[in-house]
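The structure that follows is given in the form of structure tokens.
Chain IDs A, B, C, D and E follow the sequence of writing; residue 1 opens each chain.
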Amino acid sequence: MLIGRVIGTLVATRKDDSLVGSKLMITQPLDIDYKPVGDPFIAVDTVGAGIGETIIYAEGTASRNAAGKPDAAIDAAIIGIVDNLDVYKDVLEKQ
Amino acid sequence: MLIGRVIGTLVATRKDDSLVGSKLMITQPLDIDYKPVGDPFIAVDTVGAGIGETIIYAEGTASRNAAGKPDAAIDAAIIGIVDNLDVYKDVLEKQ
Amino acid sequence: MLIGRVIGTLVATRKDDSLVGSKLMITQPLDIDYKPVGDPFIAVDTVGAGIGETIIYAEGTASRNAAGKPDAAIDAAIIGIVDNLDVYKDVLEKQ
Amino acid sequence: MLIGRVIGTLVATRKDDSLVGSKLMITQPLDIDYKPVGDPFIAVDTVGAGIGETIIYAEGTASRNAAGKPDAAIDAAIIGIVDNLDVYKDVLEKQ
Amino acid sequence: MLIGRVIGTLVATRKDDSLVGSKLMITQPLDIDYKPVGDPFIAVDTVGAGIGETIIYAEGTASRNAAGKPDAAIDAAIIGIVDNLDVYKDVLEKQ
């Protein structure tokens, strides 16, 4: 899983039936310093995430599992809202 | 899922049976400013997308789900036509 | 799916049983101008592709579907021979 | 599979039900010289890994298999603790 | 599938049960000129590959298929030993 921020929404009237009723959120991947890394993508929201919220997302089968739609045309989903990251970067100096 | 633009079509007489009847669209991935990012690829159209349309696409199992062909030799499919992107980039400044 | 060119063959006597009888083709990914992009890889041929042919390939489950071997140790397969690419790059200038 | 180091934990009260009870560990991918490579990500711990431990992780279906939750919203999991890497780099000079 | 060279082994006492009995080989991806490309990773050996051998490897479901463990925490496996690569690079000049 990875962390990201919801930065927008996508509207599509003509879309796969399995996406009907799903909120399509434009999501910017973040690194653990909350800095943007990589390109934004579209994820289905499954936890009621709002614009500006820092979230966790999953890809592939995990995303369809989160959406409860194993047969859907979904390959990325927001699966949690980040409360807190506790990071101990000093352990990276260790051999 | 990601957004892209249909920039062409691919014709292949000799191909896997599961692709017969599917429109093979050359698709250029776009970023959220509609600028090309990464390399074009081939996606099966499942929503009647035309040349020049801005679309949403999915990869892997999600693409076969969209095509309604779980056993097909498909790993990318166009699953929606973008009406609108509402992007709030200022939320990226937030810690 | 993506396009590529068959640039060679790989011979392996000791290999997974599921690969026995499959032609292992060295495949160079191409962009839509037929220029090499990325690194060559090994794909199972499922359409009788020859050296130098421009092909379509799929990865993951789609490749096992094309080979008709859902339980095989295959993660890439040649699934079609490209007759023609019709590309309309001017549509990329459109907002 | 790849190796990494556990560098932190993520707390999320609002998350997919399938993640309840799972420890979400911030994991930094490492190369075989134990140097950071690529971006940290979130993995479910399945072997009791602690902060600073060098681990093995798997992605996709393998991660759900390790967590024993095939239908979960999980796409990366810690599946082992590295005792030792025996590396013979000289074999790379061989043609 | 891709080619690589076995450059070492990884020892892990604490690991997912599905890995018990599997040899964990440190594998360096190679290009078709046998030059290292990308980062080493850990693959389960399924064909008795030794240190220094040039191998073929598969990822994802294909790797679990090769290991004969569809429910394992495996996402990469060595599936063959390369005898020979016949490469015809001149076909890349062709339009």
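Quick note on the criterion: a contact is a pair of C-beta atoms (placed from the backbone, for glycine too) under 8 Å apart; a residue touches a chain by one contact, two chains touch by 3 or more.
Listed by chain with UniProt protein names: A, B, C, D, E = Carbon dioxide concentrating mechanism protein CcmL.
Keep in mind that this is a model prediction, so the values were computed, not measured.
*Asks:* So if I look at the partners of subunit C and the partners of subunit E, which chains show up in both lists?
*Replies:* none
*Asks:* Nearest whole angstrom, what separates the Cα centre of subunit B from the Cα centre of subunit E?
*Replies:* 31
*Asks:* Would you kindly tell me how far, in whole Å, the mean C-alpha position of subunit E lies from that of subunit D?
*Replies:* 19
*Asks:* Please list all residues of subunit B that touch 2 or more other chains.
*Replies:* 60-61, 63
*Asks:* Considering only which chains touch which, how would you classify the arrangement: line, ring, star, complete or other?
*Replies:* Chain contacts: single closed ring, each chain with exactly two partners.
*Asks:* Could you list all chains around the ring, opening with subunit A and heading toward subunit B first?
*Replies:* A, B, C, E, D
*Asks:* Which part of subunit D faces subunit A closely enough to touch in the complex?
*Replies:* By the definition above, subunit D touches subunit A via 5-16, 18-19, 24, 26, 28, 34, 36, 39-44, 51-52, 60-61, 63-64, 71-76.
*Asks:* Any idea which subunit D residues touch subunit E in the complex?
*Replies:* 1-3, 31-32, 37, 46-48, 56, 58-63, 65-66, 70, 77, 79-89, 91-92, 94-95
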